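Following are the structures in question.
Shared chain: chain A. Partners: chain B in the first complex, chain C in the second.
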Partner chain A sequence: MTQRTRPLPRRRASWKRLRNGLFITPYLVLFVVWIVIPAVAGLAISFTNWNIFTGEVGFAGLRNYVRVLDDDLFLRSLLNTIRYTAYSVLAGNAVSLLLACGLARGFRGKTLFQTIFFAPVVLSIGVTGVIWAWLYNGDFGLLNQWLQSLGIPRIHWLSNPHWAMISVVIMVIWAGAGFNMMIYLAGLLNVPRGLYEAAELDGANGWQRFMYITLPLMKYTFAFTITVSTMGAFQVFDQPYILTGGGPDYATYTYVYHIYSNGFRYFRLGYASALSVILALLIFGVVFVQYRLLTRSRTEY
Partner chain B sequence: MFRIIAMSLCILLSVLPAGCGAKSRPLDRLQYWNGFTGPDGNITRPIVEAFEKSSGLRVEVQKMPWSTYFDKLIAAIAAGDPPDVFVLHFSELASYAEMGALLPLNPYLEGDRPLVPREDRITSAWERCYYQGTPYGLPLDVHLLGLYYNKALFDKAGLPYPSATDPLSGDEMLRLAKKLTVDEDDDGVPETWGFTFSGAPFRNFTSLLWQFDGDLLSPDLREPAIASPQGHAALQWMVDCVMKYRVSPRPEGLDTWQYFLQGRVAMFVEGCWVLNGLKRNARFPWGVAPLFQAGSRNAVWATGHVVCMSRTLPPERRANALRLMKHLSDTGVTWSTSGMIPARHSQVEDPAFLQNDLLKPFVSQLGWLRFEPNSPAGIELRDRYEQSVITALVGLAPVDDALNDASDRMARVLAWWGK
Partner chain C sequence: MIRPVQLTDLGWFLLFVCVSVFMLTPLAFMLGTSLKFEEAVYQYPVRLVPDEMTLQHYIDLFTRPGIPMARWFFNSALVTLVSTVLVLLIDSLAAFGFSRLDIPFKQPLFLLVVAAMMIPFPTTLIPVYVFLQKLHWLDTYKALIIPPLAAPFGVFLLRQFFDTVPRELEEAAIIDGCGNMGVYWRVILPLSRSVMATLGIFVFMATWNAFLWPLIVTHSLNMRTIPVGLTLFNSEFWGERALTMAGATVCALPVLAAFLLFQRHIVKGITLTGLKS
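So, the complex of A and B:
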């Protein structure tokens, strides 16, 4: 039997359009006000020497973009950010996935652990920063006391440039791993159980089941978490700002920290906007390539 | 649908700015923004209440941590919705003035009937409210460094307390610090350190640099002068305390007064603003002395709070804002209970102020105050050279390399601001 779809009466159709429009308007309004307008304004400001206080605008052409070549901290902060992104995205997602795999097995007290792992996500970065600054302190910190009790020499976490960035990454992973863990957990629980049972009957071991069932079926979850983590990592600012102040010797001075300093400490709004445009292009390029690579294979079961 | 969305957007965008802004606030309701979130914030309350009582005006005091305060202030000024009165530090005034953010106060401070009599102004503090010959604010106070010490640890080591008015010499300071540094288990990490520098090392470095007769910039503020024999002597003194004599821990960004509160540090250098925090939190007897003098002359880093008005404040609001600014300046003695030194002679000589024994070591240093360069590039210069100072203090670079690096970085900053 075929069912004929009748066109909606004209009044009902326009009410539906109105209703749909009203539903998306709040988001769209916020999107335009907070994202589109500032982005367009930022692009325009990057070609000027805008004085934020007086409103005076001098056309600078491409001068703000050329100036990055003369700015020793541009490259320094960019390389720091790339290093931070590599560490935090890889290690952070690995930790989240590991936690999710553990929780997905189901055991008594699972919810308690889930809450414990997720709890740091709701802490403010100010609180997290102070806690970790004490833990990391080279002379008084708990971490070094533990290391020393194990016979391992103490580490100057925050005053050694090699360790400082790793310290920031560890803190960020502790504070944020719970968020991706929940997404991974949802992804893991969506993988059909039957596939694992079938693989088990075929003699596949745990590692093989993970590699050939879990990973391929979670590719969209990975694409989401890794893409979002990468975008977040490129914009890291408050964690090093609070924990290390960008030091020692600019070892944890990140790109957005540089934008903030130029814009809000030294009042170079035009230059800060140019730096922001460069970052936006960079993130767009990296995320585009990343997403294409992550979703390339077409595994379906 | 597009029309509906577009219409909603237009309505929202047109409605958003309405109802906000300094112009729409009642004239008898003032906003006073500051970063006094510590014990000093509690002192602000009675001062403002007294103003409200005497003037019949209402004042909304907005306290924000300094770390986020300036972002909000900049946005408010730029949006044409500035607070009526707000606080800056001396070191920030030049850049705000250079950018045109502040209202010049010549008519109120330089006429025949100035808000504050000229003879009552402590020159060194009031000079810092001028930029290129124009006054932009009224100083509330000056605040400077002192040397805090744990009396219990001094007693335990059988050492006499430092004088409350005469600074220790650099050698005396080191001798005390060595005796107070205790490494009971001999693991190379003392359980108690002799002393620690301020959490912001630039304050110690500049004090020592000036004590050794050096300076950050050339007199015309156009060239860095930091990479000098004086700079070397100052930084080397600090580095020796950390690396050679091991009497001071490495600077690692924490508020050093917390080490002190834990009894892990016998002496520490910090500003007078921690006085009330120590009074409230220290579980042991403690005292305060002037900053030690390691170089050939006395000098101590200082800054101050200054109350300002924005150039974007509507003219009809300025009269009441000025009344509040004057009141804040007039109540310097009450404000001094927050641990600050008033910026007016009559207040520094006021018996009520002089009764505060804990402020004596700071008052004894008033002749030696030194301020950072009054340059719009000052904050950026400080950001750059402080990283180099830390580099030397944590042993990442020899003193001369660190100073040369600082000098190069400062030259870049000056070149940029000179463009």
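So, the complex of A and C:
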């Protein structure tokens, strides 16, 4: 009898643990079906020459990965993406930080300004895209009208290859600066007031206080905003898709645009999957290095 | 000491007024153009505020053949509503399990979920598309609603919050005879109204605004959502500026209204994600 009763509580306990698992089951099923299996399948497909249009499937080994070297558009789209990332992450975060610094001073009307700066963030890229397409219009656009009234010749924002990417970046900053602004604002308001007062007594000016107190204390905030915006920027697609269709002359043709064209226009699933795997590795690499550099401690409090 | 502070404040104020003009002009252009009479739409120089206003373009939007605006609105509303309710339910159950219950392999599973937030979306896009095609789900509401429910963000956000709810409250409930379901429903959820509201608004906005997903999983004009439908004005109805802007306004108004009403929750949600990660 004693030997029989001993395993019983344990069995009941493990039964209870499994029953507890019901709480996470609905989510886990979705997670496995729509994220885990596709991620693994994507890797597998990248080693095939699967074309869903012709129906052809065969093992291709590393051929898709070698093929990128002969693909001019691969390099072109990658360079475009790096350029977009550099512009949008640096300029975007600079704008967000500037606006946050102003808001953190807490002058009158602060809440109203905050609402205005953040409002574009909640719009769909569908909305943002059609508005800006008209603002940028070379002949009847508002932007050129303003430039002309200042005596500056009109710019062919979207049809000039030199300006097209910059136009995308300006639109993206308009639409997104408010998001990181909120994060920076929270970070700035978290810095203890006393530190500034002490520095002021020591004769530090505003710029010095910013460089030697604010920046080091907000190390992790920066690490977060910069890595997250970099991850997003590397995956840019919707904005050029709507505004320029990747043109003119591939000037705004981004890496994910290349994946989209190969996967959903030419149905080269194997090649598109290989491109996606390369993108994932690139993003992990860049973000890892960024995070290490940004959080490498110089100052600890 | 007081004077220079005032001066810099004035500088900031002027800067902020300029930035506000930059931020508001595209919105004013959208709304203004959508209300103009046909003759005024193409006037150059462009005037932001129309002299006379009409709702004709909004009526056109919903009645003109070839523009299924009413259907798009219905699709967007249905998908957004169902997705928001399902995410709140599924994610809060999972977050409660991860935060409070003894479940086999709980920690490694949660780590896997968090790690999945790092996976770039193009990596899963193609296999998911093939899967939807095999299931004959392409161009259906199921395809619009179900796969995005797997996003880990909500589970992560809610678990972070549930971890901060003091356990004494549940212990009292358990002594009173509540099971796990009772603790979840009667103790945790009522205490989490604010974070649930935050997540709900985020999902509402993300679903209503989604572009790439509906673009890829739907192809018939009638199954589009508003943001994807708007691109029709870039092709078929190109040049009809007022009609385009009326469409953009219809898409923008619900989210702008939600933002103005729930701004506090949105700000809190962003701040939480930013500070905790």
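Just so it is clear, the second predicted complex is superposed on the first by the 258 of 301 C-alpha atoms of A that agree within 3 Å, B and C clash if a C-alpha of one lies under 4 Å from a C-alpha of the other, contacts with A are read in each partner's own complex, and residues count from 1 in each chain.
Criterion: contacts are C-beta pairs under 8 Å (C-beta built on N, C-alpha and C of every residue); 3 or more make two chains touch, one makes a residue touch a chain.
All values reported here derive from a predicted model rather than from experimental measurement.
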item	value
Partner chain in contact with A:Ile166 - chain B first, chain C second, else both or neither	neither
Touching partner for A:Val277 - first (chain B), second (chain C), both, neither	second
First, second, both or neither for A:Phe234, with chain B first and chain C second	second
Partner chain(s) touched by A:Thr54 [first = chain B, second = chain C, both, neither]	first
Chain B versus chain C as contact partner of A:Arg265, first or second or both or neither	first
Chain A residues touched by each partner, larger count belonging to chain B or chain C	C
Partner chain(s) touched by A:Gly247 [first = chain B, second = chain C, both, neither]	first
Touching partner for A:Leu147 - first (chain B), second (chain C), both, neither	neither
A:Ile183 touches, of chain B and chain C: first, second, both or neither?	second
Touched partner set for A:Ile82, first chain B, second chain C, both or neither	neither
Shared contact residues on chain A - chain B and chain C	17-18, 20-21, 24, 28, 33, 52, 133-134, 140, 264
Chain A-touching residues of chain C, taken from the complex the two chains share	8-9, 12-13, 15-16, 19-20, 22-27, 29-30, 33, 42, 44-46, 48, 90-91, 93-94, 96-98, 101-104, 106, 109, 112-113, 116, 118-131, 133, 146-147, 149-150, 152, 155, 180, 184, 205, 208-212, 216, 226-231, 233-234, 241, 244-245, 247-248, 251-252, 255-256, 258-260, 263, 266-267, 270-271, 274-275, 277
Residues of chain B defined as touching chain A within the complex	1, 4-5, 8-9, 12-13, 16, 70-71, 74, 77-78, 95-96, 99-101, 187, 189-190, 193, 249-254, 259, 262, 264, 311-312, 379-380, 383, 387-388, 390-391, 394, 396-397, 409, 412
Of all residues in chain A, those that touch chain B in their complex	17-18, 20-22, 24-25, 28-29, 32-33, 51-56, 72, 133-134, 136-140, 148, 154, 156, 158-161, 243-250, 261, 264-267
Partner chain C, residues of chain A touching it in the complex	14, 16-18, 20-21, 23-24, 26-28, 30-31, 33-39, 41-42, 45, 52, 99, 102, 105, 107, 109, 113, 115-120, 122-135, 140-142, 145, 149, 174, 179, 182-183, 186-187, 190, 206, 221, 224-225, 231, 234-235, 237-238, 242, 256, 259, 263-264, 269, 272-273, 275-277, 279-280, 283-284, 287
